[in-house]
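Same chain, two partners: chain A is paired with chain B first, then with chain C.
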Partner chain A sequence: MQPMFRYTHRDTPIHRLHPLVKMVYVALTLVLVMYPITAGDMPVLLTWLGFSAVLWAVARIELQRFASLFKILLGTFIFLVLIQGFTYRGGHTPLIVLGHLKLWEADLGVMTREGTWFGLVLCVRILAATSALPLFVMTTRASAIVTAMNRLRVPQTASFMFVSALSFTSLLFEMWNSIVEAQKLRAFDIDSMNVFKRAFRAYVPIITPLILLLFRKGNDFQIAMETKGFGAPVKPTEIETLTTRPADVVWLGLIVSVFVVCTVIKFAG
Partner chain B sequence: MSEKVSGGARGRIGGASIAWVTLFGALCGVTALVPIFPYVGGGGYVPLTTPLCAIAPLLLGPIGGIVAAVIGGVIGMFLAPAANPMGLIDVALTAVYPALLVALVVKNARLWKYTAPFFVLNGIAGYLVPFYVPGAAGGFGRVPEPLYFLLAGLYWIPSTVIVLSPLGTRLIPKWVLSRNRAERYGGIFLAVLVSLFIWWLPWTRVYWYAFHFSAELGVATHVAYSWWVVALSAITAVITIPLVEALERSGLPKIQGAIW
Partner chain C sequence: MASDTIISLEDVTFSYQEDVVALRELNLQVRQGEFVVVLGANGAGKSTLCYLLSGIVPHIYGGRRRGNVSVAGLDPWDEPLYITSQHLGVLMQDPEVQLFMPTLRAELAFGPANLGISREEIARRTEAALALTRLQGLEEHNPRDLSGGQKQRAALAAVLTMNPAILVLDEPTSQLDPLGRWEVVEAITRLKEKGDLTIVMTTHETEEILHLADQVLVLDRGATVLQGPPAQVFAQSARLEQAGVKTPALIQVRADLLGRQRQVERLPEPPGEEGACPQTGGEATPLEGRLDQLTVASVAQEIRAQVEAGRLAVRAGAVPAPLFARPDSPVILEARQLTVQYPGPPKVTALRDISLEIRQGEFVGIVGQNGSGKSTLVKCFVGLLRPQKGQVLIHGQDLRKMSVGAIARRVGLVLQNPDYQLFTASCADEVRFGLRNVGVPPEKIEARVSEALQHVGLAEEADLFPFRLSFGDRRKLAVAATLALEPEVLIMDEPTTAQDHRGRYQLVELAKRFHEERRATVLVITHDVDLIARYAERLIVLCEGQVLLDGPTATVFSQAETLRKSFVVPPVAAQLARELESLGVPPHVMTLEDLYRVLRPVQGEVVA
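The block that comes next holds the complex of A and B.
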């Protein structure tokens, strides 16, 4: 078990970009994909997806990562195309006819061209939504995220907890894998179990020792925190100092402009 | 024999040490990469994050559990962005909401005045969105009535009745703390079941809106998921009990408001 998207150090304009600008990009992506959708929205979504692809390219993120993202979402895409193909209420042109099964407004035996198209539009919507966060994750250091959180007036305890938790994930992956391997040595192999057996049987022998170990480590962590004066009424220092550069303003302007163009195409079309 | 009970001091959240809340949050985040239970009809999985966040208030107390779920959700969003296309909305739905609902149910003896209206609001919103709000204006089809009302009602009316009845106001909060194993299993299973039935409504509606579900699919999904929520609650209870028993025997300091 390892995450597919992690911060990768590179010297690119996107890596140097102010984290708040990248947060604006993620937020605008969410706003765009939550607009009410119609079958004619493909140009809007492709424009934003294309813009995201440009940002991925500028950040020099390997194409393989995008392929992995696509692979993860493939199940959802197949589900969407089939479901919309067979149930879309605006569908009239048959593409595949398996029979006729009328259920209220839909004929569930007929896959329509309009429904399939609408399913594809939804797939692009999901891809556009999903492409924003990996870019943020892969180009922004944890320390920069904390500083950005401080700028947004997030309480220091919250940002400390977030960054500590983020840095503990490597330890957790290690602990998880060790426990899984230890259980395999005891002939308890979760990889050989089916989905349902795994759901009901596999996780107890992993989660229980993991949480006990974790809480024991937590005691040491708490002592270390208190020894180092956590919670003292002084302003803590920041590892990373963030300054706004002219390039940040230009990128922000570009991101907002593309968003405005997409919104205009969406509502004027 | 005296028991160490943590609470009150600085560096704690709702009685739980910040370190424990942080580490449990990290665990909830990491488990976003562990698929535990498939969606009915395919297309994805519920991650292990959801059951772990649901039991966080049982292990860390209500406040500590909810905070751990928030951290876990955000970390999960960073570790598995592909599983969280809606960003913070997904954090709220897959991590924070289950923790919040379980916390309300296990503390229902005091909080029922808030729990019951909250459940009703959830139910009404879940019934209306997306087939009535935005409804036809948003391109959504017309659902058959009263069938749709009854199916949506299955997810919130029994849960609301339970939290208003003595079962919810007295017995479930008592059973989750019981030394009797059968009572404790029953109490935890019921607390999680009642919570997850309510959770299912907002959790699905955002995606129904995003995936533009047809009315037929909306009806079919209500039917298909009725057993699924029960199974997910059973899985969650199965994970919780040995964990609670192990924590009780561990000698670790107890947390105010936790069930061990």
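The block that comes next holds the complex of A and C.
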């Protein structure tokens, strides 16, 4: 499986955008999804998600990557829709009736239309929240991220950890897949197990080798980093020169405008 | 110490914290611009020497040291790593753990940026390193997307941007395929040709460094056993063998067939080592001529001259043509028009319409470059991958209709890295795990556990924690865990990886015994053509997802032109046999042992 967080080199307006403008976009996304949520927030969230989709398209990021993100979250979405469908307090229009089990204001045996809708709103909120960071890291060079973080006074170690973690995820994916395959060869098939089996017994043969391998690789990473001067008591060089262009101001204006529109819709509605 | 000495070790003894002595009384003087090769079996102390020179000990791994070490005028023991790293760069075996930035450009800038070097200088060094390692155009690629050889060259380039005066290379080609190895050795050769860099390189691949080495140091259990110019060191094949080091095949042939070892001359003692290396010096002579000019053609020419002079006789019948094909034995595994595509991005077609049959009792070698489809093919055979098109059949039954457990009982795959599967507290538990998963009755499990451990020689270690075993023994444990399931087909993926000359055939020997005792079918994926020549009766060569060649091993190795497409070079013995075919040497000679049976000294002539 391809990890989501991978920089893809392209020459698009989003790739050329000042990293701090992209960081503003990520920050505003987080603010927007942190607003107290109601069932009526769907238009706000869809507007922001639509805006994000436009940014993804302008950045020419393959739809497949978005599909991967959706696939990862699909289980959570189904869970949210079901749990909200059956437990939403304000639900009164039955969609599916399995029986009747009253608990406070909710009837746990009935899946309601309002509850299902609220579950869908939560799903869109999660999707809006999780689509911002990948866009940032997939369109911004590592050195630009580090320089931008330095501008925000983030310590060098922390910005290096962030950047190397992005790279490390692919190694983690590879190791996970190799371990799952190795155990399948001994008839231990985690993919065919249900959630409960996985939780209770399946992860030991997978997690144990993963942790042992990570310890070992961690040592090697330390050697590779420290023999390249990491931790030297000098101010590291900023590789990337960040310059502000008129286009950055335009994009910043656009992002803030969309955010303001969403906020107005949210609180005016 | 001479004025141009850049590395100096005097009476250095080092032990790790557990009191394991890793280096004993080591002496080494390296002049600026010199290329030193360090050879030795696994555990000989090669990596420890690299750690000692680069300051990784004591700054990352602890230990105790006696004696003096000077590297570019500094003692790495006393200096912080960021100081030593400005003089000495170190490249390790595994490129995966040396690349941690999302783009190659960021990777190359990482080291000098940490030292506060100016942006312009970093750009200049980056361009120079990219040019030297021939990685231009890949600056914005994620290093993890590169091929094995490119990754190691990227790691090398990242070291070079630190602008070191000394480069330490710890088995830089051991995890690469032949093409990757060639690419890395080519980059190292260019570095040597530049002339201003001092290089210390450890390796098991003696053939690779023949044209590079100025000085060779052979270690055995931490002590120096041989030290000197390569021509002198490689003349001592018996001692090299004792130390677990392979003598390059062409040198071995010259020594064995042309009697070079009988011209006695003492090898000089290593500097300052009088009496410390009692084995040094002996019945050997420096080889004549330049080692880097030794070719198959030149050695064949020498043999031809010996035959024509009547000193060597050709006995064509001494090695009978091997029996191939068991047309009567049933087909056990079959691939029918297999096509496998990885979704990407980018999409990669790993197998293209492959059809082949494996018959019961065959011992088959599978070779090809990384990315040629070898691993994908065997993953289809064990059900880890489902082909988009085509079928895999076991005894005529479609694999898709079988459970993972049912497949595991029939086809066993031993992976390269045993550490992906080990997780229990004891070796016996590790073997039990698979047996329980496939539903073997509890009363039969113990017998099968002890039989499997016995087979691989780990019966004594049954209660030991698997990670206390050496890497080689952990691989044997993985074999035991597979054999316990009593599969009809055993597949081994790169059984020689990370093994030294002495231990490299241990796993294949286990497979051979399994093959002979149970008439089992064995498939071995490898880059080691000597292994194929020695064990496999049939050879399949894959190239770009298709079968390039498939047939008796000798026949396949005889098609050198076609083989070149997949970067597979036949073993030296096979190449010599083809060169000497006009003298009556049969073309099916594959190993040096076979060659020696065919080419015999005429009575009264002195040969080794």
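Note that the second predicted complex is superposed on the first by the 185 of 269 C-alpha atoms of A that agree within 3 Å, B and C clash if a C-alpha of one lies under 4 Å from a C-alpha of the other, contacts with A are read in each partner's own complex, and residues count from 1 in each chain.
The rule is short, and it goes like this: a contact is a pair of C-beta atoms (placed from the backbone, for glycine too) under 8 Å apart; a residue touches a chain by one contact, two chains touch by 3 or more.
Just so you know, these numbers come straight off a predicted model, no measurement behind them.
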Once the structures are superposed on A, label A:173 by its partner contacts, choosing first (chain B), second (chain C), both or neither. first
What is the contact status of A:239 with respect to chain B (first) and chain C (second): first, second, both, or neither? second
For A:204, select first, second, both or neither according to whether it touches chain B, chain C, the two together, or no partner. both
May I ask you to decide whether A:264 touches chain B, chain C, both, or neither, giving the answer as first, second, both or neither? neither
For A:164, using the defined touch cut-off, is the partner it touches chain B, chain C, both, or neither? Pick first, second, both or neither. both
Have a look at where A:219 lands relative to chain B and chain C in the superposition and call it first, second, both or neither. both
Chain B versus chain C, judged by how many residues of chain A each one touches: B
Thinking of the overlay built on chain A, is A:228 touched by chain B (first), by chain C (second), by both, or by neither? second
Check the residue A:152 against both partner chains and state whether it touches chain B (first), chain C (second), both, or neither. neither
Who does A:104 touch here: chain B (first), chain C (second), both, or neither? first
Both partners, chain B and chain C, contact chain A at residues 2, 164, 166, 168, 204, 208, 212, 216-217, 219, 221-222, 225-226, 230-231
Using the touch definition up top, name the residues of chain B that touch chain A in the complex. 10-11, 17-27, 29-30, 33-34, 36-38, 41-44, 48, 52, 59, 67, 71-72, 74-75, 77-89, 134, 138-139, 141-142, 144, 210-217, 231, 234-235, 238-239, 242-243, 246-247, 250, 252-253
Complex contact set, residues of chain A against chain B: 1-5, 26-27, 30, 33-34, 36-38, 69, 72-73, 75-76, 78-80, 83-84, 87-89, 103-106, 108, 118, 122, 125-126, 129-130, 132-134, 136-137, 157, 161-162, 164-166, 168-169, 172-173, 176, 195, 198-200, 203-204, 207-208, 210-212, 214-219, 221-222, 225-226, 230-231
Which positions of chain A touch chain C when the two form their complex? 2, 6-7, 9, 62, 64-65, 141-143, 163-164, 166-168, 170-171, 175, 178-179, 181-189, 192, 204-205, 208-209, 212-213, 216-217, 219-232, 234-239, 241
Chain C residues touching chain A - in the complex, by the definition given at the top: 54-56, 59-60, 81-82, 84-86, 89-90, 92, 94, 96-103, 105-106, 109-119, 122, 140-144, 155, 158-159, 162, 343-345, 379, 382-384, 403-405, 408-409, 412-413, 415, 417, 419-423, 433-434, 437-438, 467, 481-482, 485
